[in-house]
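Below, each structure is written out as structure tokens.
Below, subunit A partners subunit B and then partners subunit C, in two separate complexes.
And now, the complex of A and B:
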């Protein structure tokens, strides 16, 4: 059973990798309430794709679970799952609990 | 209406399917020419930086646009889908393919505004650049952007395009605002230097001819 903290650790690990590629003023803090994309978020369209890819890859490596984060399902949410780290954790938890994978 | 469109659409001109991490791009078909697609083209927010902003679009004008592209070698309108469930979210036009001068150009529309939140424009652009620079006849890609379209400029600068020129007061928005027009370009050798830095996104990219 994958715990919420496990998901958070995977996301923070992906953020660490992404931060190595971002300029100093665009790095993202490893906090649940940090904004990712849109509004006050630091991620651009390109860095968001990198981040999504990194999280998906780590999910697969760490839990041997294949998840697709960016698809019609993500769009159907009233609030984007990529708006904040907390929203993304919630979204992944839901995906896993419903056993929705690639 | 759709049967009419089916009758008038020329066969696709660039028979390739581009598959990336999230997205799949292939020549648009009559199946994508829906009322929703027309609504994207006529939406003043979505079309504010597109040439279609000046005229209401109909199934006929869209078919004419596609056929005009399909009359030119190497040009096409690719529909953009989410790979997982083939949800149609936009289009990428292969606007110019000039082998005499070795240049190509493209235009991008993410029509489903919700797809902005997934970085779809970035992945579609990278898939196109990989595809077009693999062509030995093409050594330069250029793209034009209206000066007030900051989101597009940020994206193309991030993938490595250089701003090469400004056409002053070249465009008028629907609001009447007069804007400059920017030319951005990228050379094949520049893409060769940048491409590896996108390997995380492009490592699963596939290009299949049909």
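And now, the complex of A and C:
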């Protein structure tokens, strides 16, 4: 059973990965309340793509589960799961529970 | 000359061009992963086969998970899987049109997307898509097939731009008719009409295809992306 903390660790690990590619003033803090994309978000659309790919990759490595984060629902949701780390954790938890149920 | 061993994924590897390419690159010492809907009867060195429907997202994701787990990376994707159908537009069932679009366009996109995710880790990748000379020749009876392959040309050009920053090139090859299962159902006079429109009036050979792919996947071809080469002098 994958715990919420495991998901947070995967996301933070992907953030570390992304931060190595970002300039000093654009690096993102590893906090749940940090804004990712849109509004006060820290990521450009290109960085968001890199970040999503990094999270999917880490999830595949860590949990041996293939997920596509940028699915139809994620892109059409009024409150994007990519707006903050906390929202992304919720979204992934939901996605994984659906996979288990399927 | 020493060449690097690459991990190469070939879709539609059970027969025809895909089967030839699987043997060709395996013989060169590369690790080849092939996939097709049906299983293969033969086993050979450096080759692993997966049975799956290339249009099924979940199966494709599982394939890439397996590649990631076993080989940790992917260097080259040869997006060969495809279906052809020759029929007058007025006699083409919607289900056939849908199937051609799904297999030729959607599955190619799906494989490009997942391959690029895996390749981006190493900042290196080569993707080769398959189109056809039916696109520039605008062959009657191939409205849906040629349209699906025209989409591949455009997709290749755009993905070439989108994936460039990850060190991934995306190119396409457009073969002439080649002696494979795919054209056996096509009447001989229709094939001859096509050959007459080529600059070089002969059927293509499998070696003509590997020749172009060798060029695209070479490590020196890192400045070649978004391009389509049609065989036989068709443009």
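Just so we're on the same page, the second predicted complex is superposed on the first by the 98 of 102 C-alpha atoms of A that agree within 3 Å, B and C clash if a C-alpha of one lies under 4 Å from a C-alpha of the other, contacts with A are read in each partner's own complex, and residues count from 1 in each chain.
To be clear about the criterion, a contact is a pair of C-beta atoms (placed from the backbone, for glycine too) under 8 Å apart; a residue touches a chain by one contact, two chains touch by 3 or more.
Since the model is a prediction, treat every value here as computed from it, not as a measurement.
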item	value
Subunit C versus subunit B on the shared subunit A, clash or fit after superposition	clash
Contacts of A:53 with subunit B and subunit C, given as first, second, both or neither	both
Touching partner for A:37 - first (subunit B), second (subunit C), both, neither	first
Partner contacting more residues of subunit A (subunit B vs subunit C)	B
Touching partner for A:66 - first (subunit B), second (subunit C), both, neither	second
Overlapping segment of subunit C (options 45-53, 63-71, 207-215 or 225-233) - the one that collides with subunit B in the superposed model	225-233
Contact residues of subunit A, present in both the subunit B and the subunit C interface	46, 50, 53, 56, 68
Subunit A residues within the subunit C interface of the complex	46, 50, 53, 56-57, 60-61, 64-68
Subunit A to subunit B touching residues, read off their complex	21, 37-38, 44-50, 52-54, 56, 68, 70-76, 80, 82-83, 102
Residue ranges of subunit B touching subunit A (in the complex, touch as defined)	21-22, 82-85, 87, 89, 112, 114-123, 151, 154-155, 158-159, 197, 200-201
Subunit A-touching residues of subunit C, taken from the complex the two chains share	57-58, 61-62, 64-65, 68-69, 117-118, 120-121, 165
